[in-house]
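What follows is a pair of complexes built around subunit A, which joins subunit B in one and subunit C in the other.
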Partner chain A sequence: MKPSTPLRQRMLGEFAITLPSMIWLCIYFVLPTLIIFAIAFRSKGAYGGIGDTWTLNTLAELRNPDYPAIIWRTIWMSVICTLATLAISVPVAYHIARVSQWKRDILLLLTIIPFWTNLLIRIFAWRLVLHPQGMLRNLLISLHLIDPSTVFLGNPIAVLVVMIYTELPFAILPIYAAAEKFDFTLFEAAMDLGAGRLYAFFHVFLPGIREGLMSACLMIFIPLIGSYVIPDLVGGKDSQMIGNVIVRLALEQRNLPAAAAMSTVMFLIMSLPLLYYLKYTTAQHAKEVAK
Partner chain B sequence: MTRRSIFPAIVTWLVLFFFYVPIILLVVNSFNLNSYGTAWKGFTLKWYTQLFVSDEGRAIWRSLYITVVVGALATLGSTILGTCAAFALHRYKSTLQNIHYTLIYTPLVLPEILIGISLLIFFASIHMPLGMTSIVLAHITFCVSYVTLAVLSRLQDFDMSVLEAARDLGASNWTTTWKVLVPIILPGILAGALLAFTLSIDDFVITFLVNGPGSTTLPIQIQGMIKRGRSMPLINSISSILLAITFLALLGSKLLMKTRPKK
Partner chain C sequence: MEEFLKFDGVTKQFGHLKAVDDVTLTINRGEIFSILGPSGCGKTTLLRMLAGFEAPDTGRILLAGEDITDQAPNVRKINTVFQTYALFPHMTVRENIAFGLKLRKLPKATIDQEVDKMLAMIQMEAHADKKPAQLSGGQKQRSAIARALVLKPSVLLLDEPLAALDLKLRQRMSLELSLIHDEVGITFVYVTHDQNEAMSISDHIAVMQNGKIEQVGTPAEIYEAPKSSFVAAFIGDTNFFDGTITCVLDSEYCEVEVPDLSKKLICFNDKKLVQGDSVHLSIRPEKFSISLDRPAENPRQNVLPAKVEDIVYQGDHTRYWVSIAEDWRVAVTRQHNRFLLDQRRITWGDQVFISWQADDSFMLEQYREKDEDLLQMPPQNVGEEVPGAAVTAPEPSDTSVAPADGQATGQEEASQQ
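What follows is the complex of A and B.
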């Protein structure tokens, strides 16, 4: 910026390119999010609308005996899925970072393709795999690996498998980005100094890619808390999550205040990781700008 | 050099196997005469021809058309807003820009379902009918952040002193903008636009919450077919066609990038 530019003109320039996106996001993102918290205390209107009076009844409606189990399941399934995805992604990212350039390009391309494929199509493909008359089940039964009464679709395990499947690219790519910057001579040095391979992996490599791991962890955990489609299409009654409750309240029961209250519950569960993540990325951005 | 462990390589290949088994099974099954399950009953192209002759097939193409229209409008809107935002974030350092950055970043981390439900409640409280308009507004909202970050990362890689150099060499503001700045950031804008388009045509959850009569997009159409258990083999054939397009597009863009000199 030239020092000769008058301050006023400079501020006008800043406003002119800042305000469009800022106003847009205030109207369609901040305002609707704030409305959620307010609507939770509104009465139910006719025809699925929102009533005119304030009430605390909605909170009472949340005292459904099924809800604590659903909330608890949402948390543990998201935690298990996050941990499993990270555990699988680290060796993959490590491998991709260590192979030659052309192999690396191919492996990255192969990782990205499922990520660019429509989510509904991938879920449908999994329904084919897990189908009661599907090849996988028939194969495992003929090998006597599973009991013929085993059902694949409609349980929490199926939901977990498909969730890991969809989250893997989101973990592999940031961890790979961190692993690529990691100086592997440190790793060799540790081993030359007598560290075992595993010791070097856990004490040199993992701390070295800590930032990538942390951002991958939050980047998959927060959206997992909000899962809806996967439990809906591959899960059964015993694998419903908070997202399914919210959609049922909003679209089937047409009870928007209750859906808003449930959304508030979901928001509270993820508020701590969310704030941490935002603080972290804002600091990163400040560092980048200061460069 | 110490011999490397083969464990990471094994995990990588298992993961790739895991990635592609469902997809390959889906494509194979699109040629399967069996309309229930995946047991092989013989080769057929029936499910592809039915895409063009049956009512359900016509509904699929119509939903694909709506998806592309929504995607194009959302891409246009979010690319304009996002490019401006990226310039602001890159050029100015102020409290306003710190707030701006947080505002841009938060929608990226929030689960889609919260964004969808808040927009649904918002549209209901201002009595706006749900349909194409509400979907496009929602899509622009969640795409803006992605476009901004794509353009911003391009701007951060770019040495702004080139602009000063151009001016010092006598180029006018107009020439500097169009001959120096635009060619440099255009790839960033295009990458942002492509990302926005892909996210828009892929979106299910937000669209599902804010859609109305006559605005069924392809993901909504597929979900409806799965739920009703109707014409399932048609999902195989349309998915295989879309997979082929995705695969060719990715391969093509990869090859195009290869032919361009590295920076």
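What follows is the complex of A and C.
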């Protein structure tokens, strides 16, 4: 008698189902990533290509005095943008989860509709909004709300605003999914036991949608680390991020090994939260199995 | 008993629906008070207004003389045990129970001490550090009760607290609830659709229907002297007879002519009705005697010939379905307090006699057309068929097969005639 047979069959079945996507990921994700890792250790070709010897010199090339500041800026801008996006998304998702079904559908639709417009077009729209001769700036100046010397475009604030705007749906949707499953009786229970609304929000609601918050964090933090279009189009010299450096290395300086090395650095920064998430979810899973 | 909690003309409307319709209700200090009714009768809305989650449109709610109508739920000295328990899933049992105490900013030592006391009372010391997901239904239930009781509320609200438990656990928890009540001595307001639960633990019961209180009384009053056919039908099983008074015998008894029955019935006339009035009688199945031989004549006793249609043996008693006229079946219960093996037993198709004392029928208000709906309304317990002639709010312990549905509506049709 093999009591483990059903389990083994099930695992085999799961494996079979996962196989095609695994192959896909290997060909189009794992393999290219490894190639980029490898290129980082190749020498530079004379005319912008990849040389045919192995070298560690590329790493030395990364010792550009500007880079630490750019890497640091990439991290803090991504972190601030992630936090700000979450701070906006949580109340929005909470609201969507609490309204009636038809209002909910409308609000979700409004969240998703901007997706249907190309990212570049939306960014150019923001350029118009933030433009020195744009309506927003003129309006605020005429209302004496801002100093006429204020510039909107070409600084980190502009980059942050547009990044938050682009990432909002990616945060609202997973948080909404978690909030929708949240049992709002718990809210009443907290109030019943003497909690105020704010206390209940922070001590009952937020822990209740923790999974949604985690996945929202990942969904937005990782693309943010790699963003280059937004800093390129609405940012200035002082708002360059790693993505812009990589583009410059690869396309302007034609230094593919250096670009690959920079990409590796970015990959390592990104994998930190991923590793944490992986550790967190496996710990959760282990706990559930232990039950 | 002292008046403690009072609903004073409370009304609550949701859209066009009057969920609670001008309810005035008084609850005594320290009692277990049940609000009983089918789902949608407004009992939960009443409870939610008491907890502070809904505000009444009109009327007041008084607690120990103080108007609490506009008090927020987190200020009221009233705590709730929710139907789904609503334990915080990310906290352990201990943290759940301590939640309210922490909000009161008590010193940690005091909190620990209080929580330990509660854990001891609900016998959950061994599970104190488990999360709700790791608990059984009964343990969750007890944790939810402890979490509410640790705050020493004046009133504990219980919203269908046993509905999510299986039968055996439900019986045990209902007993445990009574014990906890005896120990803490505070007022319990208990909302349920299960008449057995309400009967077994309550000091007083309010029966609700369509947002209105139908009757308030002790379990015995409600069962023995229901004020309306709805109450009679909802609490326990009963048989209805409709007829016209043809003769008032003396100050206490009268004769009633019931269409389709060969004989006039003699009834206790507690409503002091006069000749020509139509009456609606309720007779509980256990009030009937059933026998193979015609019982001795007695001027205060009714005897009807009947034919046994169905027998449901239940160990301690047997439920007979007998037809007393074409398409008219009544339920008769016989206790097995004496069982003789050699006695000829009543079996299917037997011609029998059912008899009852004139005092055992109970006059209800005149039967109205609209009652038809509620008589056919299945009680809330799932998995129970509604046996036909008698309108039954079934006992959860009823494991037997109910009679076939095809004959189910016989009596109601008959009583309309």
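Keep in mind that, in the parts below, the second predicted complex is superposed on the first by the 248 of 291 C-alpha atoms of A that agree within 3 Å, B and C clash if a C-alpha of one lies under 4 Å from a C-alpha of the other, contacts with A are read in each partner's own complex, and residues count from 1 in each chain.
Throughout what follows, a contact is a pair of C-beta atoms (placed from the backbone, for glycine too) under 8 Å apart; a residue touches a chain by one contact, two chains touch by 3 or more.
On a predicted model such as this, the values are computed, not experimentally measured, just so you know.
Q: May I ask you to decide whether A:157 touches subunit B, subunit C, both, or neither, giving the answer as first, second, both or neither?
A: A:157 sits against neither subunit B nor subunit C.
Q: Of the two partner chains, subunit B (first) and subunit C (second), which one does A:210 touch, if any: first, second, both, or neither?
A: second
Q: Just to be sure I read the superposition right, which of the two partners does A:186 touch: subunit B = first, subunit C = second, or both, or neither?
A: Touch partner of A:186: subunit C, not subunit B.
Q: Which of the two partners, first being subunit B and second being subunit C, lies in contact with A:117: first, second, both, or neither?
A: A:117 contacts subunit B only, not subunit C.
Q: According to the stated criteria, A:219 is in contact with first (subunit B), second (subunit C), both, or neither; which is it?
A: The answer is first: A:219 touches subunit B but not subunit C.
Q: On the superposed three-chain arrangement, identify whether subunit B or subunit C touches more subunit A residues.
A: Residues of subunit A touched, subunit B against subunit C: more for B.
Q: Applying the document's definition of touch, where does A:107 land relative to subunit B and subunit C: first, second, both, or neither?
A: first
Q: Where does A:194 make contact in the superposed view: on subunit B (first), on subunit C (second), on both, or on neither?
A: second
Q: I'd like to check the shared interface: which positions of subunit A are touched by both subunit B and subunit C across the two complexes?
A: 188, 191-192, 291
Q: Would you pull the subunit C residues touching subunit A in the complex into a rising list?
A: 51-53, 72-75, 78-80, 82, 84, 86-90, 99-100, 103-104, 133-134, 147-148, 151
Q: Hey, which residues of subunit B end up touching subunit A in the complex?
A: These residues of subunit B touch subunit A: 1-2, 4-5, 7-9, 11-12, 15-16, 18-23, 25-26, 29, 36-39, 80-82, 84-85, 87-94, 96-107, 109-115, 117-122, 124-125, 137-138, 140-141, 144, 148, 156, 198, 201-202, 204-205, 208-209, 218-219, 222-223, 226, 235-236, 239, 242-243, 246-247, 250-251, 254.
Q: Help me check something: in the complex, which residues belonging to subunit A touch subunit C?
A: Touch list, subunit A to subunit C: 183, 185-186, 188-196, 199, 204, 207-208, 210, 291.
Q: Under the touch definition given earlier, write down the residues of subunit A that touch subunit B in their complex.
A: Within the complex, subunit A contacts subunit B at residues 1, 14, 17-18, 20-22, 24-26, 28-33, 35-36, 39, 48-50, 88, 91-92, 94-96, 98, 105, 107, 109-114, 116-122, 124-129, 131-135, 138, 165, 168, 172, 188, 191-192, 197, 218-219, 222-223, 225-229, 233, 243, 246-247, 250-251, 256, 259-260, 263, 266-267, 270, 274, 277-278, 281-282, 285-286, 288-289, 291.
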